[in-house]
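Order as written gives the chain letters A, B, C, D and E; numbering starts at 1 within each chain.
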Amino acid sequence: MAEEIRLAQPKEYYRAFLEKEVRPDDRELGEFRPTVLNIGCVSTAEGSSLVKLGNTTVMCGIKAEVAEPRYGRPTEGYIVPNVELSPLSSPNFRPGPPPEQAQVLSQNMVDFLDTSQCIKLDSLCISSGKLVWVLYIDLVCLDYDGNVMDACTLALMAALKNTSLPVVTVDEDTGDVKTHLSTHSSLSVDSCPVSTTFIVFDNTVLLVDPTREEELLATGAVTVVTEGDNLCSVYKPGGSPLTDEQVEMCVERAFVRGKEATALITDTLCSIDR
Amino acid sequence: MADVNLSEAEKTFILHSVQDNFRDDGRSCEDFRHMEIETGLISNTNGSARVRLASTDVLVGVKVQLSPVDPENPEVGRMEFFLDCSANATPEFEGRGGEELASEITALLTRAYGCPSTMDYPSLCVLPGQQCWLLYVDILLLECGGNLFDAMSLAVKAALFNTKVPNVTMTKDEGGIELDVSDDPYDFKRLDVTGAPLVVTVNKIGHFHVVDASEKEEACSLARIMLGVTQTGTITAMKKEGSGSLDADSISDMMESAKKVGVLLNKSLLKALGEEEEQGTEAVGFLR
Amino acid sequence: MSVDIRLASSRGKGADLYHGEDPGNIVTPGDVITADTGFMRGHGTYMEEDCLHASVAGTVERVNKLVSVRPPKTRYNGEIGDVVIGRVIELALRRWRVETHSRMDSVLMLSSVNLPGGELRRRSEEDEKMMRSYLKEGDLISAEVQNVMSDGCLSLHTRSLKYGKLGQGTLVQVSPSLVLRRKTHFHNLPVGASIILGNNGFIWLSPTQDEQDGDTGGYQTNLQPVSHSDREVIARLRNCVLALADRQMLLFDTSILHAYEASMKHTVKELLKPEVIADVVDLVRQRMELEGS
Amino acid sequence: MPTDTRRIQGPETSNSPYDFCPTATSDPALLEKQRLDGRDSAQMRPLFLRAGVISQARGSAYIEMNQTKAICAVYGPREVQRREDFSLKGQLTCQFRFATFASQHRRQHQQGNQEKDLSVQMLEALEPAVCLHKYPKSQINVYVTVLQHDGSVLSAGILCASLALASAGVEMYDLVIASSAAMYNDLTISDPTVQEEQAVLSRVGKGSSGMLTVAFMPSINQVSAITSDGGIQFDTLNKTVRTVIDNCQKLYPVLQQTLVKHIEEKKKGISSK
Amino acid sequence: MASFIVLTEEQQRLQREAPPEAVLRCLTSELGCLTRQDGSASLSQGDTTVTAVAYGPAEVRMARERIDRATVEVVYKPKVGLPRPVDRKKENIIRNTLESAIMGSAHPRSAISVIIQETEDLGSNLACCINAACLALLDAAVGLNFMVAAVASAVMEDGKIVTDPEKKVEEKAVAVMTFVFESVDHKLVSVLTYGKFTQEQYKVCRDLCRQTAQSVFAFYRESLEKKLLKTV
């Protein structure tokens, strides 16, 4: 019976649960789904990771290439992140060019990397004015069950920390480029920003880490990116208007999540090293 | 392929005719329809050929161009196929209708010619690691009357036979090497096509199989295999097509047929091309 | 196993020259056919400034006062009473849509066919649901043109035992203008096969049936294998018809039989070759001239 | 090529760092002595399969053959999107993709010719197995993404898709099992890695060498797809077809067991609810 | 044409040096600048200029039809070239913002579309776009739950906060935040930030922008009054 109500009147179904401050999947309002992190799972990529947030699955692979630097920025490398909402991941996505949602997510990744400054573009320099690294970061959503944003940022950070590049040298005189496969260097990742996404239900209730079902019922969303004790982003694209207290509550929750997620990445990396 | 919708009885008639080894036009299962061939009929290409197999009509032009080598194969020349399924051939190709078929045929030809023994690819490399000849093989389908893959591969091979690659002289100066393509129309080299493959399509109809199927026969066949066969009987590509499946044992028989017919087809084609070369007759062109 | 690759240049240049009967008066669009106002305007012509002009390229034909131009290759222009062969392409409400190489798809109404179990039966709703079991997409039928509608769409009927669904056999398609209008278009040829020469250029070759097959209404087709000898006759006839059509010879029972006889010195598959075609057609032409038909 | 305005763009041109180091030219002759991963020539890699990995899909599967990793999702039967695709028989579509990071050299986002070709071959392999006449007017979509390419991707894709279709409850005559082999002169090596594939298909190779993939339906003893590359002696090819079909037979129970396990788990899941 | 709060350059300079203050650059607008559209507005904030047009409620494409409310479509056209992901994100924020402002349930099964053409971006572009879009909707007399006003602010390296920053200021700032408030309870509708900042800075910016938003609402009012007077 419950399943039928869930299908026919999802809003009422949810309301009944939320009155008791619990969600249909047994979570509290401010509780994340179990987060599973797998780092270095694709050996053809220079850096890779797989994140599972409940059912939501995102794989991140980083391929490094070399290119001439931008004119006027001789020491800055490139970071090119793209999110792909693969038709694998949901019946709503079809093959073809990326839909608006994917484009917005990709741009969110650019802004995420840009504002947090976790990779200094200068650190991607091989030879000033001649050659710099290009990091192509591709995030493939394999299972879309809501909150792809947080899964993407987590996968992105984990993959960056896992990235190791072969040593490339440029001969000063001849300009010849040489790659030394025997030695690798890891990327210097300066900080670890973490995003936390909430949705607004019925214009009032805030739920963290929404499932796809919850996203469909949402009347708005807020994403907070924290980095240590600082904020990198407060992002609320429209939706139900919120009071200052509500937004501040989101920020507080995000700081807690930030610590948890950072610890998860560090622990996972440690367990690989061991 | 133009979709022919046949009635149950017509299909049965064709099915039994194949079983009887006496097809509806009197051919036996391994007979090809007669075909006509002409090369060198388009003057602004480096090589061209037209093949007419019953009512299937194919025109191929080969253009050669100097271009950078493929970084993964820096010491060999390159070949690219492009097929235009023009709406002239059948109204079904209008718009994007022919694209799927075109990409299927080009994929098979690319694979059939991908094997190093099919052509002397190293000789097409002008400056190893830098410049090589890129052969653009453009195929135009003028009319379809069944068995497109085979007809196209025949036309491609004939056009390659006819292709004249200009000679290149290299001069070294301090800036590097300069390439000079000869513009003398008689200063060229020919391509060696003895190893080039032909595609043979074997259609499974009922429990038997036929080569060079007509459109009606194609409509009766649920599965077919295509083989790239060279004159020596080497297989350079194989693929199965169609929505049906094949008995494991019959595959071997079908392959055997394809190989046998393929070898003969290669020989007959080279013989005809040789004759044409000797006779040096004037062009017939498009009017018949 | 045989492969025959020949050069385009080896085909004799002269072989293609037309040396048959006089083609008659050939006109091209815009040509004045006559300035005489006493004629009537037929197909392929138009009136302007009291002159009759041709609107298509072809030969001028005159029947009494009616002047028309007949193009050598055209889509089928249906006329009431014509025998046609068509292929069912779609089922619609109480009708089948039939491809007859006409300008538009032809229509066969459910009420214009004989149904199993007697001619005089009301079409019930049950019949509507059973339509696909009578005739389905891809099926071939022979029929008569019942009516030409104002938009040029042909309405067919099969309300005679000689019409209906076709069984095993081979369909050959030629230009409709090559099929000569005769009293009958159904022939049981003495060589052991039946032929239906559709006015629309569809020609059906099949083994001769031993009379009607019971009371299935002709919707059950016999799927038993055809004997090799019948098959050979049909294949030979098919190639003969195509050979004649290739050389723009008019098709009717006599010309086809002549061609069949002339072809006997070749094997069936040799009839696909251009030089054999030329040879056979020449023989037929000579014989026809001799007989003065 | 026009720039893709729907994705974040990098510099106009960039090169792989692996273009600037001597590549170990893989000589097929080396294969005669020893395979790179130490396997016997007839030995296949261990097969790791799991069904039901994507929560949103009707059916899904994941496959791992050592370093070759692929994932597949099946959606449908569902309404056809374009009206002109309407047909009384059901329609099967396949999309085969490589993740951009699946190979040593980065791949483009747009579907390349190789991917299109593989999509068609996968469709050829699966279509004969699916009872499409049971799904009139509808469409079944199969999407395969190769996450890491280490050889035999077509067989991996077909195996994975076949399992995903079965786990989606799509009616099928049989499971489709696929396997590949590389050939060099008289040597046949089963389930080659990407390096072995490159070795037999490289343009420097002399003699008879190539690749073969066969898709096979063991219960009804039918081959649903067969495809070869490279220049191969007729007899070698003929013989290898047999070998590969035998290999398919060996893989059949693995797929069956995975499927049985998946269904058991699903049943448990329902009863526990 | 309506033009208000004209500040001399001298005044602007003084304001920038003073402690954070809720100020806007000179606002100019023209309602109904285009005649064939249901509603249109051209808005300048300082030198940043945007033109917005609104259509609707009108016929909606079948695929996008929603049975319980209006479909809000927003197209953002950058000054040059085709829209890129960065523009898509802007478009997405604008659409979601307008969607909450528009009384969608009043127009089920119809489309309300807003097209925004960037003409000159010299700082606070997003804010200007949202304000222009709101004006265009007002001009088209589309039913709204509330009006929205967007204000940007920048946190400078020395901790100073500037509202409605120019491009040059934005480039130097450590963080730029754009807030969108509604006109009834002044709750937060949208926020987009760029750069690192503290919680405290966020609060200061938010309160300052909220204060500034009041002048935007006042400006809307005056613009409308001007237009109405003209038509009467």
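The working rule: a residue touches a chain if its C-beta (ideal position, glycine included) is under 8 Å from a C-beta of that chain, and two chains touch if they have at least 3 such contacts.
Quantities reported herein were computed from a predicted structural model and do not represent experimental measurements.
Using the contact threshold fixed earlier, the set of chains in contact with both subunit A and subunit E is D.
Each step here moves to a touching chain, and the least such steps from subunit A to subunit B number 2. The interface with the greater number of C-beta contacts, when A-D is set against B-D, is A-D.
Compared with subunit B, the chain whose C-alpha mean position is the greatest distance off is E. Relative to the centroid of all protein Cα atoms, the closest per-chain Cα centroid is that of D.
In this assembly, C is the chain whose CA centroid lies farthest from the centroid of subunit A. Measuring from the averaged C-alpha position of subunit C to that of subunit E gives a distance of 73 Å. Distance between chain centres (mean CA atoms), subunit B to subunit D: 28 Å. Computed from the mean C-alpha positions, the centre of subunit D lies at a distance of 51 Å from the centre of subunit E.
Residue positions of subunit A touching 2 or more other chains, listed in rising order: 103, 106-107, 110.
The residues of subunit D that reach two or more other chains are 6-9, 19, listed in rising order. Shared interface positions of subunit C, i.e. residues touching 2 or more other chains, are not present.
Chain pairs that touch one another, listed by label: A-D, A-E, B-C, B-D, D-E. Contacts from subunit C toward subunit B in the complex involve residues 1-9, 11, 16, 87, 89, 137-140, 166-171, 221-223, 225-226, 228, 231-232, 234-236, 238-239, 267-269, 271-274. Interface residues of subunit A facing subunit D in the complex, by the touch rule stated above, are 42-45, 48, 55, 57, 59, 61-68, 70, 78, 80-82, 84, 86-91, 94-95, 97-98, 102-103, 106-107, 109-110, 134, 136, 138, 140, 142-145, 165-166, 168, 177-181, 212. On the subunit A side of its complex with subunit E, the touching residues are 100, 103-104, 106-108, 110-111, 114-117, 220, 227, 229-244, 247-248, 251. The residues of subunit E lying in touch with subunit D in their complex are 81-85, 88. Listed in rising order, the residues of subunit B touching subunit C in the complex are 5-10, 12-13, 16-17, 19-20, 22-28, 30-38, 50, 52, 54, 154, 260-261, 264-265, 268-269, 271-272, 275-276, 279, 281-284, 288.
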